[in-house]
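Each of the next two complexes has subunit A plus one more chain, namely subunit B in the first and subunit C in the second.
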Partner chain A sequence: MTDLALPQDGWIGRRMPREDTRRLVMGAGRYVDDLACRGELHAAFLRSPYPHAGFRLDLSQAKALDGVAAVFVAEDLARVCGGLICPDLAFPGMVSPQQLPLVAERAVYQGEPIALVLADSRAVAEDAVELIAVDWQELPAITRLDQSLTQDAPPVHLGLASNLGWSTQIGTDLRDAFAGAALVVETTLDFARNTGVTLEPRGLIAQWDAGALELRISHQMPHQLQLHIAELFGVAMSRVRVICGDVGGGFGLKMHIYQDELATIAAARLIGRPVRFIADRMESLMADIHAREHRIHGRMAVDAQGRIIGFDIDDLHGMGAYSVFPRSSTREAMSALAVIGAPYLHQVFHARLRCALQNKVPTGQLRAVGNPIGCAITERLVDLAASARGEDRLVFRARNLLPEAMQPWTSPSGFRLFGLSHHRCLERLQKLMDLPKLRAEISDACASGRWLGLGFASLVEFTAPNSRSYGPTGAPVAAVDAVVATLEMTGDISVRASVSEIGQGIRQSLAQVMADAMGVPAENVAVLTGDTATVPHGGGAWASRGAAIGGEAAWQAGVALRAQILEIAAALLQAQAADLDIRFGQVVDQHGSARMGLDELSRIVTLQSYLLPDGMQGQLSVSRTYRREADSALPNNGIQAVLVEIDPDTGHISALRHWVVFDCGRVLNPLLVEEQIRGGVVMGLGQALLEACSYDSGGQFISATLADYKVPMADDAPDIEVALVETPYAGSAVGAKGAGEAGACAAPAALLNAVNDALAGQGAQISALPITPLDVLRALGRVPQA
Partner chain B sequence: MKPAPFRYERPATLEAVLALLDAHGAQAEILAGGQSLMPMLALRVARPDLVIDINRIAGLGDITAIPDGGVRIGARARHAEVMASPLVPALMRSALAHVAHPAIRNRGTLGGSLALADPAAEMPCCMVALGARIVTLSSRGETHHDAASFFHGLYSTARRPDEMILRIEIPPLGPQWRFAFLEEARRLGDYAIAGVALAMGAGEVRLAFCGVEPAPRCLPATEALILAGADPLPGLVELAPMDSDDAPEAYRRHLAGVLLKRALREVGHG
Partner chain C sequence: MDNQTLSIACTINDRAIRATIPVRQSLVDFLREGVGLTGSHVGCAHGVCGACHVVVDGVVVRGCLILAVQADGAEISTIEHAATTSIGAALQAAFFERAALQCGFCTSGMILQAAELLAQNPEPSRDEIRAALSGNLCRCTGYHAIVDAVQMASARLSDIAP
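Entry: the complex of A and B
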């Protein structure tokens, strides 16, 4: 922590569009597929069409096709690249076999890559894939979550005694606490598989030159990837350069290590030419990580005064065929459990978790990891309790939300909660919604036969973890971030930052932090990210950490650089550094009078260094790496509400209006925070109403196009009003907490509660996401159950 | 997602198209707007030897009034052009608002939609409800099909492999006619789970569904009940809806009834 206060009229907190926006919306972005490499070959994969099948391959026809340079299978790539085994130090006993870049002998999920063709064009490569003769031996497969752990479920991998990938119990025996409760409510919720749909699919161009790799890839964490590649290919990190240019969306998809990406890098090494692989949309939907897929049962006990006693949870989570490398598929369920009950004061907690292997693509970390599940089960139970007590849902929430006076508070599940502004957010929400007027309007509409429903969801999300999260697990995930700040001879500041720009606008945020730290206008700061050859090591983009970790590194680097510059200025101006300051790019004296431009100072240091006094070297660069020592994660908080209308005859659900009040600590740029919130809300509503990775009864994946995997369109998004409450994190100078995922955390819960509110008068309940119109009609008894 | 290899021709005259169809017939696909064909090629679902691009043929997209009433729509008329035309019946304009999105409507064509005969597509059922005539052309000459008998089933029509759709003729429907088009889809612009096209004149009614059965057709029993002023829903037993996990038979049948009642209300009947 530093004792420098933020300037009152600074750049932090200003509503500025990000500098990249114009370039990107005008189509001038440069994504992986925009970069051609002379002499490159294109890769296409033979992928398993079955969820579980042995195979024998005949490659002769494919290799003979004109334009084909090579066809590789598992044993070819094994010469240069190792396999993946998900580290399990945090999850002892976890079952997850080794994953090879190309699977040998037996595929265990549909879409698993089996062979790789290199050809002059992607079209020829796809032609050759069709010419690979495959003798398939279909094997029994398990895809349904609810059948994955039954006695007679076929093993996901041959020889497994059980498909239980991992299980754990958290908390204490609840029998006494629940036995004494005045009220116990319970429910079971089902969550479909979702995936992230990035505008730019995964893609890479790998080029080896004399044993060194240059890799251009659409990815969230270049340094971590650099380390993985160095280890898997047995080369030094300094011989691996990972370049992430414009990244057209990440959502967590692009922080995992994929078999097809390793195979492409290995193939480039074997063939000695650059190789490009761009996942097409079918490959993306089928073989990018999926997420969610839980069946979660929750019970909540409440005392006679309407105070929550505790939670009892049983979660069954679908992992897919492997635990995703390197963070593990179990992470999502653990995140879900961490936030159950977190907004509310309670005394006891118990959870049982079972993670099931399935013959499906692994589930991994998707924006808001686990939070939508934890938030939805909590908020559903809260609504059920309020309803059972016959009281207003916000009254029940207000009574139970963790008061500021009781913070910091350690929950029964062991999480430290502090700096949370639940009651201020709740009050702000009611004003934002003009709730009495809105309730009167809803009441009138319902009286005239319309079915309207209002849903609420409070949230706590643990953001920006420090190294206690991954450090002990064996997964090489950096929780530090670093910034190198340099004063250029034109008076501007270059910031080389280890955080990753994936469309969220972190470069703009860091520019504003640096502007305040250095005393220059924000437009005089350029932030560079994404290239391991030019930016320092750090975590990249994950767990809403850019502002809280990267922002703090930028602040510290800027403050240090400012001090260095003032020392030089003092020497040149024959003044005391303590009497000088930097304002708007000028060194100023105590009276605020400009004494020297930063451009002039920088030119003297670089070009006329004889003017410096003896013994002064004149450093124009500073490097700072920031690790947060205290607080393993920074909880943020907020509350959302959504108004829905249901068509009683068609079951169609329309989200009409959505409100968010959110506290992510110090807001670096409200425009960017609000847009992150809105984007997250739309993603959450999509997962609540539309999006599902679907498999038919035979285990075939049936949502491999964007006609079938339905993401929300502009028409599906209601107006979303956002208000921000600021409770800065006291443990850092900037005071920021994470903001990138919170919109997605609570929107599904709010929507589920709103739909159930609309159906309350009909005796119907919905307990599965996404909620289809058919589900509504079935719940109403207007269409028979399946 | 690249197409399998195919040969590509872009003839300048109808005669040249017909000659290619004579020679290649079932191995050829006609490219008009490409809004279905191109994805099907890319997914390798369609694997023609030859793609015949008809976009250079003059006049194939014209929309003109028929002198003694009605309108003639060239097969290559873009959805957006049909939607903007004052000559076409209001039923088509309101149905086209449900056809995908503006960018797709700028390229997609009426003839293409009818030739594909997707069971969930809006235009085929509108043609049935409007009593349209679909004119195909081959080197043997023109063939005139009633829309009601043109659509045979899933992606299946009366068009023979050596024929192309040339134009659509919509009979005159006087000012006494009322129209309604309604559909249920998960998102605006998606293919319909169920949709209804209704045309009502004096003592006359025509009704067709999309998304319900494999192909749109006339529904005489239901139409008779409507004309008699009776509850039309019992007539819908004549429907044999499609069945799938996400849209089972009972759901489609339920939606057909809901949409029909709403459509009748919209035209002021019931």
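Entry: the complex of A and C
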């Protein structure tokens, strides 16, 4: 498997800042809305103000407004663009009607796009939207998760017999296993809807020219989008160019296919001019995918020695009005179930899952997809079991964490776990926290009347899946990634990579991999991503795959290019390729003496090819696509801890300190991995303490501004200490596993446990996220229940 | 629905600018669409996120909450001009080195706000930095590295100050 040993003091593993950010700190980024296009029109949408309503439109006044070029409705766009139906091979029987770019006759969620105005400016387009006269017929709607499956719940789509979108059962009957248990703990946790809030909203500029589309879009997966557009518009992929420049945050939100984006592309085709659409923040909060919204009940059985026997889970998940295209809204719940109990040795597992349709925007895949739910229910049950046994929470964890000697191990739910360093991470965490001293400080503080709490959460996350994950489901999701490496005449290396840069720093990491593979300094490598006309096909940015899949493709391309170059050098220098090497951009001999610069070699091949021997073509480019054959996903692992303080008078929760020990295999660049962890932790903190997509009793969305959907600001977040443990993946040369989402996986669980630890002395318990000050006061009985 | 326009004259990044603009246009939209200075970003357009920060007459303001016509006669500077000041340049270098940005969309506003802080309080504590930046939303970093970067810039500036 390994082509070449990684160099001891190479570029991989170096703490290097990202070259890309030199531009960004100067304000010289190029996000979609920075790229005006001559002759462009601006799009604005009429969206449903009701969760469920029929409508009749009168467009005459809107069309007559000065500066308006066109107003389109569903039937106009149907002439050029098809509809979306979420593939369901993996979820047989799933109910999800077709989604059109603009909905016709009846909207099924608030924010669903109904009509599109094209005008000279966004302001005029919005004026025209207000001039569309609408006759609304409000219909009964269901938005609350706990009422969506009741007998008398109104159907989300007219004619549905039930709002059950999909259901499944996993595992075996647990009655005997649980009957013999010394202890069974149980709890129910509620998770509010969250959304991604990429600071750059979704946006695109679509321009058709003689039947070919050039699309600039803030998106994570240009090739996947290229394929969808080709199929929906009935054009060849070669006629669709998708360009993703600087992307102002993705977090999974920008993986999905949105109605308004398709509508914008269709409108550009109909009008024959470039069209720009940038979602405003209210549109984003209302109509970007949401995520989470689970009510999950968990039971965990423990034997007399304090060893976990197994888990019994019942999860109810809110899908929204459609299963999100193309990956399906059911994915999140399946991800949650996959990681329940995963850090711990156990014998039995059973889960029931029900996914409910609702008159709400679809839920989709948001950073750490499902993991915060699976991690929180597991870690809450673990804390409850330790407490019931009257023992230390870390002692209980240490006894049950999957030991390295037992790996690989296949869990009762069927997941293969290997390369996990739980006990090393736990030990490292206790040192990082200086735990005995910290516990003494907490004890002193509590004695003086402060309410402090410490929470822990172990995690396993399945990253960088291969094609066994989506391949059989019918969803067009690439699990391969590709790299084209080229030696330029100035001696530098161009790397064209199918992975996407969305701020996580993958271009810098690939440059470091290529530097080692080729024997050149990292600053002599430029990595290009995001443009289907210049980079090869592959997955883009999803499931923390950049380092593990894209990094391996870069390594293989670099190793192959190096070998090709040494063959050419050997011919030109009349030496044996085996006696030559490349170091710091120079071809060197056995003694390390420089014989020829890569710039000189490249110029000879390209400009003076008569100097090459007969029969040698002198290839200066290599393309490598990497698919991992073994191991359907790469599990990573880690543990987090957080110290919180609760204000007894106001119920306000402050996260004071946070610690993370994390193992993502080979670390390509620790500076960037640590910052991925920190960013993920604070996103998880938001979900634990602040963030909720809220609806009133009539189903109206009431968190459509950032004043109402509260995300963590600098004074909400603590300093976060991070330590990395490295257990390289043995199945690849580079050995990397995914790192981008793990911070977000375990932070909500750690915070939930910390708040409950702080409240333990008061006899209060919290079991719903986010935990607001009001929830704390209610749990304390100081404010009546809602 | 007001297409009325007005003429304004102001100084933007040391350049004198005259323009006739819609009265309802925000300052950040004018800078981006009218002047071509796209370093200030629109993250929410309702005054919460701080991505649109610009400096008007020496004070950091939200470019989405001020109308462009209100900037008539004002001296405006944007992130594109930050490198001309020692504080701005030190912050840009520190943000780069400390990886205090990921997607970069918040960075312009964050750096301008941090520059105002360092001008008023050259050696702020971590809590003071967090408080000063609490009106600037960063969705990527979790803020720890940003606080580090501001401290790094602060330390370097006090080394070179007399």
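The rule is short, and it goes like this: the second predicted complex is superposed on the first by the 785 of 786 C-alpha atoms of A that agree within 3 Å, B and C clash if a C-alpha of one lies under 4 Å from a C-alpha of the other, contacts with A are read in each partner's own complex, and residues count from 1 in each chain.
Definition applied: a contact is a pair of C-beta atoms (placed from the backbone, for glycine too) under 8 Å apart; a residue touches a chain by one contact, two chains touch by 3 or more.
Computed from a predicted structure; not experimentally measured.
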- May I ask you to decide whether A:Gly318 touches subunit B, subunit C, both, or neither, giving the answer as first, second, both or neither? neither
- Task: Could you tell me if A:Pro536 is touching subunit B, subunit C, both of them or neither one (first, second, both, neither)?
- Result: neither
- Give one of first, second, both or neither to describe whether A:Pro101 is in contact with subunit B, with subunit C, with both, or with none. neither
- Message: Contact-wise, after the overlay, does A:Gly585 reach subunit B, subunit C, both or neither (first, second, both, neither)?
- Response: neither
- Message: In the overlaid three-chain picture, which partner chain does A:Ala123 touch, first (subunit B) or second (subunit C), both, or neither?
- Response: both
- Query: Who does A:Val247 touch here: subunit B (first), subunit C (second), both, or neither?
  - Reply: second
- Task: Kindly classify A:Ala707 by the partners it touches after superposition: subunit B alone (first), subunit C alone (second), both, or neither?
- Result: both
- Could you say whether A:Val783 touches subunit B, subunit C, both of them, or neither, answering first, second, both or neither? first
- Item | Partner chain in contact with A:Pro748 - subunit B first, subunit C second, else both or neither | neither
- More subunit A residues touched by subunit B or by subunit C? C
- Residue overlap on subunit A between the subunit B interface and the subunit C interface 123, 127, 130, 280-281, 705, 707, 712-713, 715-716
- Item | Parts of subunit A lying in touch with subunit C, wherever the complex brings them together | 17-18, 21-22, 24-31, 33-34, 36, 66, 123-124, 127, 130, 196-201, 246-251, 278, 280-281, 502-505, 671-672, 675, 678-683, 705-707, 711-717, 719-720, 743
- Query: Quick one: in the complex, what on subunit A touches subunit B?
  - Reply: 121-123, 126-127, 130, 280-282, 649-650, 652, 690, 694, 696-697, 705, 707, 710, 712-713, 715-716, 772-774, 777, 782-784, 786
- Message: Residue numbers of subunit B touching subunit A in their complex, please.
- Response: 1-5, 39, 43-44, 184, 186-191, 193, 245-248, 250-251, 254-255, 258, 262
- subunit A partner, complex, touching residues on subunit C are 1, 3, 22, 24-25, 32-33, 37-46, 48-49, 51, 78-80, 82-83, 91-92, 95-99, 101-108, 111, 126, 129-131, 133-147
